[in-house]
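First chain written, first letter: the chains are A, B and C, and each begins at residue 1.
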Amino acid sequence: MISAKRVPIQFHSATLLLTIDLIGTFVFAVEGASAAVQANLDILGLMVLGFATALGGGIIRDVLIGAIPPNSIRDWRYPAAAFIGAAVVFLQSSFVNRVPAPLITTLDAAGLALFAVAGAAKALDYNIHPFLAVLMGGITGVGGGTIRDVLLARIPSVLRSDVYAAAGLAGAIAMVLALKLKLRPAIATTLGIVVCFTLRMVAVHQHWNLPRVMKH
Amino acid sequence: MISAKRVPIQFHSATLLLTIDLIGTFVFAVEGASAAVQANLDILGLMVLGFATALGGGIIRDVLIGAIPPNSIRDWRYPAAAFIGAAVVFLQSSFVNRVPAPLITTLDAAGLALFAVAGAAKALDYNIHPFLAVLMGGITGVGGGTIRDVLLARIPSVLRSDVYAAAGLAGAIAMVLALKLKLRPAIATTLGIVVCFTLRMVAVHQHWNLPRVMKH
Amino acid sequence: MISAKRVPIQFHSATLLLTIDLIGTFVFAVEGASAAVQANLDILGLMVLGFATALGGGIIRDVLIGAIPPNSIRDWRYPAAAFIGAAVVFLQSSFVNRVPAPLITTLDAAGLALFAVAGAAKALDYNIHPFLAVLMGGITGVGGGTIRDVLLARIPSVLRSDVYAAAGLAGAIAMVLALKLKLRPAIATTLGIVVCFTLRMVAVHQHWNLPRVMKH
């Protein structure tokens, strides 16, 4: 039987988890706001895309599992972190542009790993079936980027490019399987995060892509 | 007074309804995944579009009428049917391409009819006003295809092409009116499905289109 | 402490608020349906875009703050007002085209002001943090137009053009600050509406735009 206890809180202290979560939110907001700059949007567009990219995935997950109002509407620190991220892009865009790409990729992979695994863990807490909890983890990890791309009127990058959502799902699956094998929640969560992060980083460096169907 | 009893369950046995519902889910997932292949997406894109097309309409309806978590998050068989549909497209795309177009059109019309009428019936069960229950039926029938098209960054086909959503609404209206005329739920539901299916099939073969405003 | 009482009802009589709200819904529906005509959609597309533009913002807000089913699903008069607006566009498109642009701009600014301030007030009623209540006000004001633009496969105009969402946020902020300063709810609400409306109208006439980042 899957544990229905609050997995993320047992993973570390609640304070540490919140800190990591807010850092992930900040990183995703920076990415969303940077996409807004590329699309020539104004400061409000930066803010909206920062908010949507950072919090959209978690909001969709919370609505679907019945955790309403979503966490990021209940707790002002999440949108605050998102808006700080967007504000940094607006005020310091030349600095943001100088951040080395490998660092951004690494932070983004870390954010994906944490969001996907924590998202699946939260779904389990709400008594969602493990198969669906994995999907909820995937949605938490990539939902924000998907909303960002929809708002920019383009096909979401997670649907067409390399191993991104797949890494999030793999991390969530690893955590769920580990829980099924009776590993302790803290270990299972750590394992899931490591699997997702590693898979994502290797995929980036090896230019892995998922198979696709040849068009006829 | 509109009956607040579980209309679909009285329509036939619950097992038969579930079977039909899962077949509809499978058919819509095949269509969504096929659209992903046309757009050159990878296997994950196939899965996402299959899931979204098959389950998106019901999820939106359930969130709007307050049936949270949505049915397809509560019951793993719905996403399973969707993913099997998408997997068939990935593994057997040449076979899927050989399925005769009229068969696909017929299955799709059947899926639309069932989703629209069952969607309206479920809304009535949740004490939604009949006028809005009809809209919920329409959303159930076309919501998934709309999300699919939004993810593919194109104007949803239901907004611009022929009699599709209109057939779904007509079926839902027929069912609601029949209930108002005190017909038994099973008869009303069957009538709604027949109206939607027939209207859709005739519209396809007669190339019917809805009127539009001349642009100035 | 922010008042948790029903601010909009104290603003005026409930009947007056409902009347104004329905007028705003009607105006936004006319705009959404007109956009559908421009995109050459059929009558169903007009109806869908009318509904989405008029009610989408309030629906998103209600789902996020936990007011489920959303108001416009609970009360048939909201979708009725939206569909009447869309029907007017379909039946009298030449008349709609003759409405002077300044009148449309003024009505639209009034609708935005009411939706944004009433949206923030409703969020406060649901014990949402004032910072997030302001965001909920902004979403109420511009969410419908955003969905309309997403369905038309284009970047939402609120993300890129002049002072629109910003005016909605300003009105919501003014109301929240006034409440913090212990002004009576009716005064605070009126102040918020006046701030939003005035800012929007001045911005239109002065061609104000928000700052944006120079692309590198």
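In this section, contacts are C-beta pairs under 8 Å (C-beta built on N, C-alpha and C of every residue); 3 or more make two chains touch, one makes a residue touch a chain.
Remember, predicted model here, so these are calculated numbers, not experimental data.
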Sorted by label, the chains bordering both subunit A and subunit B are C
Do subunit B and subunit C face each other with the same patch, meaning over half of the contact numbers show up on both, or with different patches?
-> different
Chain-centre distance (mean CA atoms) for subunit B and subunit C, in whole Å, is 30
What are the residue numbers in subunit A that touch two or more other chains?
-> 63, 68, 150, 153
Contact set on subunit B toward subunit C in their complex | 63-66, 68, 126, 128-129, 131-132, 135-136, 146, 150, 153-156, 158-160, 165-166, 209-216
Provide the residue numbers of subunit A that touch subunit C in the complex, in ascending order.
-> 36-46, 48-49, 51, 59, 63, 68-70, 73-76, 79-80, 89-90, 93-94, 97, 150-153
